[in-house]
Amino acid sequence: MLRPMASTAEFPRAHTELSATEKTFLQAYRWMLLARVVEEKLASLYRGGKIFGGVFLSKGQEALSVSLGISLRKRDIFAPLIRDQAARLAFGEPLLDCTRTYMGSRLGPMRGRDGNVHRGRPAEGILPMISHLGAMIPTVAGALMARRFRGIQGTVGATCIGDGGTSTGAFHESLNLAAVERLPLVLVVANNQYAYSTPTTRQFACRDLVDKAVGYGVEGHSVDGTDLLASLQVVGHAVERARAGHGPQLVVASLLRLAGHGEHDDGHYVSPGLKEGALGRDCLKVAEERIIDQAWATREELALWHEDAQRQTEEAVAQTLREPLPDPSQEDWCSLASRHLSEG
Amino acid sequence: MLRPMASTAEFPRAHTELSATEKTFLQAYRWMLLARVVEEKLASLYRGGKIFGGVFLSKGQEALSVSLGISLRKRDIFAPLIRDQAARLAFGEPLLDCTRTYMGSRLGPMRGRDGNVHRGRPAEGILPMISHLGAMIPTVAGALMARRFRGIQGTVGATCIGDGGTSTGAFHESLNLAAVERLPLVLVVANNQYAYSTPTTRQFACRDLVDKAVGYGVEGHSVDGTDLLASLQVVGHAVERARAGHGPQLVVASLLRLAGHGEHDDGHYVSPGLKEGALGRDCLKVAEERIIDQAWATREELALWHEDAQRQTEEAVAQTLREPLPDPSQEDWCSLASRHLSEG
Amino acid sequence: MITYLEAIREAQAKALRDDPRVYIYGQDVGQFGGAFKATKNLAQEYPGRVLDAPISEDAIVGSAIGAAMEGMRPIVEMQFADFSTVGFNQIVNHAATLHWRTAVPCPITIRLPSGGTAGGGPFHSQSMEAIYAHYPGLIVMAPATVEDAYSMLLEAVAIDDPVVFCEHKYLYYHLKAESLPTEAMPTGKARIARTGRDATIVTYSAMVHESLAAADELAAEGWEIEVIDLRTVKPLDTDTVLASVARTGLLLAVGEAFPWGGVTAEILARVASEGFDLLDAPPRRLNAKDTPVPYHPNLWGTHRPTARTISAEMRDLLRR
Amino acid sequence: MITYLEAIREAQAKALRDDPRVYIYGQDVGQFGGAFKATKNLAQEYPGRVLDAPISEDAIVGSAIGAAMEGMRPIVEMQFADFSTVGFNQIVNHAATLHWRTAVPCPITIRLPSGGTAGGGPFHSQSMEAIYAHYPGLIVMAPATVEDAYSMLLEAVAIDDPVVFCEHKYLYYHLKAESLPTEAMPTGKARIARTGRDATIVTYSAMVHESLAAADELAAEGWEIEVIDLRTVKPLDTDTVLASVARTGLLLAVGEAFPWGGVTAEILARVASEGFDLLDAPPRRLNAKDTPVPYHPNLWGTHRPTARTISAEMRDLLRR
């Protein structure tokens, strides 16, 4: 199911002159754009009462997220977290998985049983998160152990966590376990300065979260998460290091979420100083400016890509809206794979 | 109940010429000796089938343990772990608490309900461990929060953990919480190279456990746990730092346990190289040699102290053996403090 | 008018006001006032006593136990009941055993925003009261009314034992009362939420309201159904349940939790063993289905018992 | 002669031998062979497939889930059942929900050395089967015989769902059989451990043996007691239980776990609602007392049901 970049607006001819890095940048930018557009749509559907439960945006975090998604390969393992719409797209999750899961379509991968960001396709390496923060880290580690047991080489496993999620016992136990097993795990920490409303001063006391790396015996990397170029480089490098057998990699990115924790939240607690400072830059704008500055594409091309993202989003939403909702009478209400053992 | 050092063999007159540090050393040595002697007795009772459940010795770890116990003050909070007999004595736990709990005396602090190392006197600042490793760290942190809420100043809270216990989520969550709250917590890690049979290579991948300190934003200290003098200095310093308001202190000691995990275990898995190396030194012997070398006491005095420890031990065991065992018919079988709400 | 949620806030405000030993600890409970606003303005009104915690449920509960040993009366807010699984060990093995082991009380209150709401999904909807009630040493409350939310939370803080306080998220905004109560029933005593002579429904928390609605429906058909609100599930007020079954002869136990071994199993076991001869027909129970709690409202509405399924089951019992 | 513990070792050896997807993960399970020696020599015989884990129960279970998603069949050994509380979240919220959420199976086996022994104390003695059975998506086994320890563990590994395998530490060395079985009853089917016509005891795990001893005692008094060994507590074989109660008319459910909402509550609830008319007297249950498990054998022996208390309860039921 992993699709190549689907788009009507292909790179214009001139782009054949771009370097590989530049092409990757543009491709990453387009996933970011699509993520931004689809999430804006979700937010508007939420305001319109069309979505049950929460809507969680990654606004401001797309550069970091896409860098991870685009650095992974098809057969890798990836457990996205709440703010990973861009990474999901870049890794190959169909856009429809997003709209279907949010809107509860029976045809979505979670069939209306689970919602919003709790989606995935384990058979295709996208592990669906449970809500408990940190819980996916050991799971990715275990998936990598399985690959090793099965003699499959060259896999990287990646997952993300927030600044708040680093306080969980799960984060600690599993990063340590991965280090002991020297697994090719890339753990990206998006330090967006808040866990829901809680600032980092109430979350940890170390100078920088990357200082944790040495205590696990893993390689640590820092990056400005508002800068797509830097994120691509640092995250890409970490993925390469993991793939080359250097064990777990901890990437700590600094950024700010430019939205509420979820769409029910206005994020009023975010300090104005932070919003106005370097972390408050919108990574999408920063990437756009670089594209224009470097003449990797024209404003007209950007506009076309934006239109394309909007079209894809509208199509996905329209299709999802046409789809059947879950029907309780057609549910088997059976939790077990071994149906005959069900007490249902 | 915290008793001054009870002993028939007081320091000989010459000891008045000793410095405070030297006196502390001798006092610490005597607690170590008492711990060693009582645990040897417990081991022999175990072999004689007189003790139910496990017997866990601290042989080889007394120097580190006593250093913590002796560095704390009466009103401090202390949650000892499995190998802290020496610290318990030095902190003021009556020797009878040990024999009574191991042997299940109804008069012991746990009244036969809990056993062996699971004993304490919360009202006197000795928190009784539950078995789940790491679980006492947040509890000490919370006790320190309580002292702060109540405006009580100058308290230090201390607890211990093994190399294996550092892998628990509880270790991580609570050291982090203590760092955020900047609590006067001293966490002593006894890296005795094994968690039960598991060597450190299967437990963590960092170069040195003290490297974890920076990742929590706490002060870290390393010490040779076979050396009483070094342990007294380093642990004492850490306790002072905590008391002076410098936040949590992580002390990592290197040593070897010179016994099985428990008395049911012969410790055959311990590498001969380690046993013969510097970590394999018996801290009690090392301390003894220093005493003799420095002429802080004579061999005759040491022999007297040993006799004294044996006498105290025999007395405690004899008294415990005379005491009533728990009687199920006199139990109220009620878990609640609010008896009227019990379903008993 | 005051909501169930506001009653919880008011109870905490009163506890903070009246007792200097009380503090509140949990994620986002400070300036922000909590994910559900159950601690709104409390940090501002009681500076230094309402603290934001890191995302460390195990350490949060562990610290509350330590603070309780040192004389405090912590209120811990879990952001959702479902996340208490991460602090499970401290709750069931440390808080619950402390008094029995040491004779030192452990007066902590753990607030669990519980139960299903539309769109909550498998990890923001759970009802964990049966899990905690299984463990010796815990008291488990599950208030169904605004009044109880208030007075039982005050009781929880006052009790010398660890209390797991299961407050229902669905009731947070839906349930309103004129004013806060000045009197309360004793802890451990069930309430007859509606009297009736034809059959007894024993339930608690949000299911009290579904059951009352079912009783309304059945009243239109001429049946008088007694509805018992357990209030606390441990201790469980067997006497009140048996007295009601003695009057009606028929029992239906209703719970929102998973079916295997929940509160309803305990009710049926007690009535069967202690009130067998009072029963005119086999006792029944109605629970959620034996799957995780589904996300989509279409599924969620079928997963848990509702007035419709309760009345259907009761009709079947009445016409047996 | 082969012990219950050896049977567990042999089942794991066979699983490793027959299925390359199987591996074992847990503290000290490698070279050392496990705290109880349940994996003795397996690391040596199956190099690289029996791995020592750090003291990280949550990560251990989480990793097993990930490995299962990628086609493996992990066996996780908890050092004691009691420590599974630390891995609780991954078991009940991740392993248990995976197949229902994703249609991808989660074939992991979690071995819990369970139950009380003299001197075990509050944290090395627990029986957690009711806790796990409450959660949708888990299968909970509790073998009472050497044969079942062997064949059920093999079944557990073969089943496509997460299995919580509650093996009883007291039976480890006490229980012996001539040889390993070559045939086995299907999973989910209870076994009539002793036939009788006067009353039925429904129980599982170590309590099967206490109940059989009680039945022996009562046989000397002329009573014929049927003893049913549930084998798995979820699914629970209601049919076999009801069929027995239909024959005897009297039911006593016996469990070693805490009394509130345990397996015995579920049994009574089922029999009361589905077999009410089969009962000649109120059904009864006997559990451990509602306190933590005590350390000293004097207390422990009174805390849990024994042949003596079971026969006393049964005598009372028979002479009602």
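Order of writing sets the chain letters: A, B, C and D. Residues in each chain are counted from 1.
As a working rule, a contact is a pair of C-beta atoms (placed from the backbone, for glycine too) under 8 Å apart; a residue touches a chain by one contact, two chains touch by 3 or more.
Just so we're clear, the structure is a prediction, and the values are computed from it rather than from any experiment.
S.K.: Just tell me the minimum hop count from subunit C to subunit D, counting one hop per pair of touching chains.
M.R.: Counted as steps through touching chains, the separation is 1.
S.K.: Find the chain most remote from subunit A, comparing centres computed as mean CA coordinates.
M.R.: The chain lying farthest from subunit A is B.
S.K.: Calculate how many whole Å lie between the centre of subunit A and the centre of subunit D, each centre taken as the average of the chain's C-alpha atoms.
M.R.: So the centre of subunit A lies 41 Å away from the centre of subunit D.
S.K.: Let me have the rounded angstrom distance from the C-alpha centre of subunit A over to the C-alpha centre of subunit B, please.
M.R.: 46
S.K.: From the C-alpha centre of subunit A to that of subunit C, how far is it in Å?
M.R.: 36
S.K.: If a residue has to touch 2 or more other chains to count, which residues of subunit D qualify?
M.R.: 53-54, 56, 58-59, 82, 85-86, 89, 93, 96-97, 100-101, 122-123, 136-137, 234, 236, 260, 289-292
S.K.: Multi-chain contacts in subunit A: which residues touch at least two other chains?
M.R.: Answer for subunit A, listing residues that touch two or more other chains: 110, 113-114, 118, 130, 132, 167-170, 173, 176-177, 180, 202-204, 334-335, 342-343.
S.K.: Which of line, ring, star, complete and other names the graph you get from chains that touch?
M.R.: complete
S.K.: State the interface residues of subunit C toward subunit A in the complex, per the touch definition above.
M.R.: Residues in contact with subunit A: 27-28, 30-32, 35, 52-56, 58-59, 80, 82-83, 85-86, 118-124, 259-260, 289-292, 294-299, 301-303.
S.K.: Which residues, counting only subunit B, touch subunit A once they are in their complex?
M.R.: Of all residues in subunit B, those touching subunit A are 167-173, 176-177, 179-180, 182, 201-207, 209, 211-218, 247.
S.K.: So in the complex, the part of subunit B that touches subunit D is made up of which residues?
M.R.: Residue list for subunit B touching subunit D: 51-54, 104, 110, 112-116, 118, 130-133, 164-165, 167-170, 195-198, 202-204, 269, 325-328, 331, 333-335, 342-344.
S.K.: Quick one: which bits of subunit C touch subunit B in the complex? Just the residue numbers, please.
M.R.: The touching residues are 21, 23, 48-49, 53-54, 56, 58-72, 74, 89-90, 93-94, 96-102, 104-107, 136-137, 139, 159-161, 187-188, 234-236.
S.K.: Would you pull the subunit C residues touching subunit D in the complex into a rising list?
M.R.: So the residues of subunit C in touch with subunit D come to 82, 85-86, 88-89, 92-93, 96-97, 100-101, 122-123, 130-131, 133-137, 234, 236, 257-258, 260-266, 268-269, 271-277, 279, 281-285, 289-292.
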